[in-house]
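Have a look at the structure that comes next, please.
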Amino acid sequence: MALSTIERFLLTLTLYNLLVTAAVSIYGIVARPSLTKKIISLTILGDSLNVLAIFIGFRVFSIPPELVSEVELERFVGLAVDPLPQALVLTAIVIGLAVTLFLVFLALQVYRLYGTLDTRRIRELRG
Amino acid sequence: MHAVAVAPALLVAVAFTLPLLSLKVRRAKLFHGVTLATTSAVLVLTVYNYAYVSSSGRPLVYRMGGWPPPLGIVYEVDPLSALLAAYTALVLVAVVAYSSWYLGEDSGLPYYYALLLGLEAGLIGIYYTGDVFNLFVMIEVLGITCYGLVAYYRSTKEAVEASFKYAFFGAIAGLLYFLAAVLIYASFGNLTMGFVAAFSRPTYRLIYWNVASTLIWGNITAATGAVLALSLWTFTFKAGVFPNHFWLPDAHPAAPTPISAVLSGLVVNAGAYAAVRFLYTVFGVFDPLSEFYELSGYVKAVLMAVGAVSALFASVMMVVQTDVKRLIAYSTIMHLGLVFTGFSLGTPEGVGASVYHMLTHAAGKALLFMSAGVAIEVSRTRRIAELRGVGRVYKLVGLSTLLSCLSLVGLPPLAGFFSKLVLYQAYVQSGHFELIAVLLTSSAIALLGYFKVLYPIVLGQPPVGSEVARLRGFGLAAALLIPLVLIVVLNPPVVGGILEQVSRAVTDPGKYIDEALNSFINYVSRLYLTSGG
Amino acid sequence: MIEEVVRYVGLAIVVAGCSVNLIGAIGLNRFRNFYLRLHAATVSTIGGTFYPLVGLALVAFSSSELGSARFFMGGVLLVAAFLLLMLAPAGSHALARATHRAGVARPEPAIADHLSEDRGG
Amino acid sequence: MRRYVPVALLVFVVYIVFSGSVSPYDIVIGAVLAVAVSALTTRFLVSDGGKALSLRRLANLVKYALYYLTVAEFKAHSLVIRIILSRDMPVRPAIVRVPYRAKNPYTIVGSANSITNTPGTVVVDLDTGRSVFYVHWIRAVGLDPETTYREILKVFEEGLSKVFE
Amino acid sequence: MDVTLLLLALFSTVGLVFTYLAVTERDLVRAVVYSAVQSSVYAVLLYLLRAPDIVLVYIPVSVGLYPATLLFLIGKTERVDGE
Amino acid sequence: MRRVIVAVSIAAFTALLAYATTVAGALGYLGLETRALARMFLALAYNPNLRELTAMSPAAVAAIVWDFRGVDTLYETVVFYMAIISALAIYRGVHKVGGGGSVGLSLIVRVVTKLLIPMNIAIAVSIAVHGHLTPGGGFQAGATLAVVSVLLAVVYSVNSFSRVGVEVSKAVALQSTGLIAIAAVVFTPLIYGVLTGAQAYLMQNYVKVDSGFHFPAEVLGQLISGTLIWLNIAEFLAVSFGFFTVFMLLSLREEVVKQPLLGEGHGS
Amino acid sequence: MTPVELVLVYVALPLLTISSVLYLLVVYRGPTISDRVLSADVFFYTFTLFFGIVGLLLGSPVMVICTVVLVLWAYALDIYVAKYLERGELGD
């Protein structure tokens, strides 16, 4: 079975959208001065890469990798999507959450010490 | 053989219990004791592993949970990883002893030690793991503990800001490595380093045609290009070399001194190790048998440029510093630059020399940070001009400052001299005379910098009264003695054999690949026998 | 037989609810004012989501080809519908109150605003 | 003791419906969970245990829910949908006072949620001191308290009073 | 043809648009709301990609906890990004 | 100028990545079939016929997360724990919780939130204990229960935590308890191996060809998938109280934390 | 395709998709922050229904467990934006 042209187009479009999202968020990380905005962009970057990871395990006409009692094993193996990227992404999401939580605590402390979250002003204040 | 898996797991298990313990007991000695006991136990385990691996002559594969490789995670320990892990554990024992002197009765002790144990678990996990994605997880364990420890002095501006910068760019680096790991899975169809390495070599692909044709799922050449670009960015970030060094001179000085010693001495090695593992073992960029051998020219040029620029740039920056810890941090960038130039050669000599340099640098840098830390604690400032001459009162500190500086500069008969000599020989052998110029120039410039540190600590105004009382401490002497012995002992007659074994294992990863594949094949054949019989 | 009836009743509810949802979406676009939009939002949540969820639960309960998992699906949908019925009004009330207190949006045009009168005077 | 029952029942029912199974495993875990959660949270949730276990109140609740989910919602929806679909959107918005008589917080909250859940009326604020809801009404027919009470609140409050008061 | 492909393409485009909005918006509270919407769109993508496990952890983390912590942060610090 | 360079380099890198993934085909046969390894996982996740290779969990993702690649998840939990420990290290020395009455949101929100809590606990526990059968698991359940901690912090106040009976020290203790339970489950096979002299691996769940150790897969006919259920429950405990700790720290008042967090000068 | 699936695919899903795009339009246009959050909220609630329908269509009923989580967190988003607007900060 091969994919039709329109199906391949839609898949490629999705993939490119995800890559461009990652690029836009990296631009946000670099270009925006506020630390809060940088953290928001970082979370978006993580999200887009996670979805990309799930996307490589995707296949059309499929079912999720959960074996319900009524489905036979052979049909399940033949139809289900790839479970491994999902497990990897689960790990990545938790790690991203941990780092982001810590970054928020740090940003609060930065604000307590400097009185601002604007990187340019922080650089000035540090001398 | 279980020692491989137990070492990091034991560390995190103890780290889990420390906050619970702190609710019942408030005595600082308990935390010092528990942590010291744990790190010592891990030292025993890692040394045992090293002995096992080096005597058996083959890498050790531990199947986590009993699962065979492509299904489960394996820890694969070859001489390089075993050596680095054992060395790390040894230096960390010294650091924990130093921490017991440095922190005393600090209120955040359980958190500090939990993070330190997590850091050690992350380091040993990075060295031991044989799985591409598990490496990502361990990098993040290492990362988050480092960020937390850098921010330990939360009320100083520079610590918090440095930690934020480190954590933020560390998070981006981690994400990029995650993408690299996913791309490896996408094209190679599995995540075990040994398997990926086997599939990068056409000969192995032919021999294990069955496995390879089933698992490989995409264009591995295209994927490898992207993976190398992404993962090298991450590894150079972790190692703190030139284009990605920007966080290091802020973060290393801001941490508590024992942590500065760990970060500068040990954590940067993890980045260098991971780069070597990927370049030499997994993708075999310098291995003529590999499909990606044609990339070696580019990789060589990139690594060489990175290493040379960081060595020269950092040595110049060292001289202009007025803050003693910043100066030492720049010296770290310089030494890691030299390590990367050694790795860029692609020869066994270059690898051996670089690993040797990593070891001597770790000991020397830890020792220098710890002895300079004594002076900083006593004189309550980090400005070089105002440091007290602690060396006049406490001879051990003076001696260790002197020896560590001389070792880092590379004066005989200390370890640093020999490692630079071996590095020099490696350059000569592969005909890269421009690197010799880099080595000599950076060392000469750095000499000025080291003398800026050496002079006030050894010969400066001696401390008086209450400042001297601060110098008493059992842990301090023990902490300084371990790396001191190391920089005296690590000379070619002692380590020559070890390094040869290591460099052979790295440049010829045949055994590494064989063991990973064997682990899978053994399992499958035994399964077949039991079910068939 | 009874299964078929339940299934088609559920399906009818789902289809009607989706249309109501679309009407709510149009209303959300057409109204000029936050407080008026609240009513369109209520149309979307209750008529456009709560009832179809219940209808979908009916469809799920009557789909015997799903096996025992249909009870799981129906149960989850019912719990979701119940939570929606409980939480959605509280949420929009909290939002409306905060908006009024913070003065983010004025309830204009309005023929009377007793809340502003009572809080102002 | 009786006041612990309603929370336990709620937890147990939610657990079983959500799990969608009545296997012994789920029943055991659900029961243990119900007891534990009830022991932990009842003191914040239920003040009077006597009212909690009356079947008549439960029947009233069911009756109210049936009326509310069919008649009241249908009327309100048809009004607002007509407004949305008409060309000129004929609205007469106002924020009006609606006095309430209930004392029990569950009655107050239940009737407030009922008001908000019917399109056309949204509780913007409430004043427990004066016993007044402030309701945003999309087509106000009158502003005096009697009219608003009769038009907006009466049915809901009377229905719910039989359950909670 | 699998109808999920159409929805995937549509919602990934929507996600891109909202990423752009969140990155360029100067009012941080609005940016947080945009990023929450973007996350929910991504949750739909994940759901269409047959990853219910991920959706179950992604929604709390990305739609719930990130905006919560970020609003805590904004509430304690400043609301405007840049000049 | 700098921004233009940054934008151009990002765009160039993205274009290269797009080229590698689609035209050059690094992702393989996108959308058509699953990889061989994936088929292996799917076939082995629940397969009582292959005793030495199965994880006995119908939810393939849960099987990978806690059994096939359990070490990843163990250290992922460590990352989460270390982040909270780092936050606690930043907030060390903050003892007094801010006083003062809470002026929360309106009565309606408060009552609804109060009612939500027991239902939410029921839902979260259901997600946790069915983690090996349906989508869900320890972290998912903990994150679902995080609604409670967020809403307690937002709707009520930080005092409400102590009224409910959760304090920072208690939450940390419960989190540690959950993590120690995970560590205990992880180390059990090894301890068994040391005691009996049999071969057993760290984090082992079922029999392997060279090891006979196994956790019970079924109890009284109910599938519990060996370690999976215990790990899920322990992780649930750890994660939910981790979130409690986080939001307790976040909702502390600035006046309370400012003095201890800025007061001491250290290390110079 | 069974009639149920036909109706769901060709009637329910298009309707829901159009209305969700309309909600997103309000999120983009809405003059005030409250408008944005309100329509984001309705968008989330609509997606619970969407999740249910897709789960039924894919023949995998276990997937719908995600709907509950979405409802819970949509409420939470409302509450913290409301609290932010009312008090200027979250927390105590």
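Going in written order, the chains are labelled A, B, C, D, E, F and G, and every chain counts its residues from 1.
Everything below uses one rule, namely that a residue touches a chain if its C-beta (ideal position, glycine included) is under 8 Å from a C-beta of that chain, and two chains touch if they have at least 3 such contacts.
The structure displayed is predicted, hence computed values, not measured ones.
Asker: Quickly list, by label, the chains bordering both chain B and chain F.
Answerer: Both chain B and chain F are touched by A, going by the contact rule given at the top.
Asker: Centre-to-centre on C-alpha atoms, which chain is most distant from chain G?
Answerer: Between chain G and every other chain, the largest centroid distance is to B.
Asker: So which chain is the furthest away from chain C, centre to centre on CA atoms?
Answerer: The chain farthest from chain C, judged by C-alpha centres, is B.
Asker: What chain pair shows the greatest number of contacts?
Answerer: Counting C-beta pairs in contact per chain pair, the top pair is B-F.
Asker: Report the inter-chain centroid distance for chain D and chain G in whole angstrom, where each centroid is the mean of the CA atoms.
Answerer: Each chain reduced to its C-alpha mean, chain D and chain G end up 23 Å apart.
Asker: Taking each chain's centre as the mean position of its Cα atoms, how many Å separate chain A from chain F?
Answerer: Each chain's C-alpha centroid was found; their separation is 17 Å.
Asker: How far is the middle of chain D from the middle of chain F, if each middle is the mean of its Cα atoms, in Å?
Answerer: Their C-alpha centroids are separated by 35 Å.
Asker: Please report how many Å separate the Cα centroid of chain C from that of chain G, as a whole number.
Answerer: A distance of 10 Å separates the two centres.
Asker: If you look at chain C, which of its residues touch at least two other chains?
Answerer: If we look for residues of chain C contacting two or more partner chains, we find 24, 26, 38, 66, 68-69, 72-73, 76, 79, 83, 86-90, 92-94, 96-98, 101.
Asker: Among the residues of chain E, pick out those that touch two or more other chains and give their numbers.
Answerer: Answer for chain E, listing residues that touch two or more other chains: 4, 50-53, 55-57, 60-61, 64-65, 68-69, 72, 74, 76.
Asker: For chain F, which residues are shared contacts with two or more other chains?
Answerer: Residues 17, 21, 27-28, 35, 37, 41, 59, 61, 68-69, 72, 76, 79, 82-83, 86, 90, 105-106, 108-109, 112-113, 115-116, 119, 123, 127, 134-136, 139, 144, 147, 150, 154, 246, 250-251, 254, 261-262 of chain F each touch two or more of the other chains.
Asker: Residues of chain A touching chain G in their complex?
Answerer: So the residues of chain A in touch with chain G come to 63-64, 66, 68.
Asker: Spell out the residues on chain F that touch chain A in their complex, using ranges where they run on.
Answerer: Result: residues 3, 6-7, 10-11, 13-14, 17-18, 21-22, 27-28, 30-35, 37-39, 41-43, 45-47, 58-61, 63-65, 68-69, 72-73, 76-77, 79-80, 82-84, 86-87, 90-91, 134-135, 139, 246, 249-250, 254, 257-258, 261-262 of chain F touch chain A.
Asker: Can you name the residues of chain F that touch chain B in the complex?
Answerer: By the definition above, chain F touches chain B via 16-17, 19-21, 24-29, 35-37, 40-41, 44, 52-53, 67-72, 74-76, 78-79, 81-83, 85-86, 88-90, 92-93, 169, 172-173, 176-177, 179-180, 183, 186-187, 190, 193, 200-205, 208-211, 261-268.
Asker: Quick one: which bits of chain E touch chain G in the complex? Just the residue numbers, please.
Answerer: Residue list for chain E touching chain G: 3-4, 7, 10, 14, 18, 21, 27, 29-30, 33-34, 36-37, 40, 43-44, 47-48, 50, 52, 55-56, 59-60, 63-64, 67-68, 71-72, 74-76.
Asker: Please output the residues of chain A touching chain E within their complex, sorted ascending.
Answerer: 4, 6-7, 10-11, 13-14, 17-18, 20-21, 24-25, 27-28, 32-34, 36-37, 39-41, 43-44, 47-48, 50-51, 54-55, 57-58, 60-66, 80-81, 86, 89-90, 93-94, 96-97, 100-101, 104, 107-108, 111, 116-118
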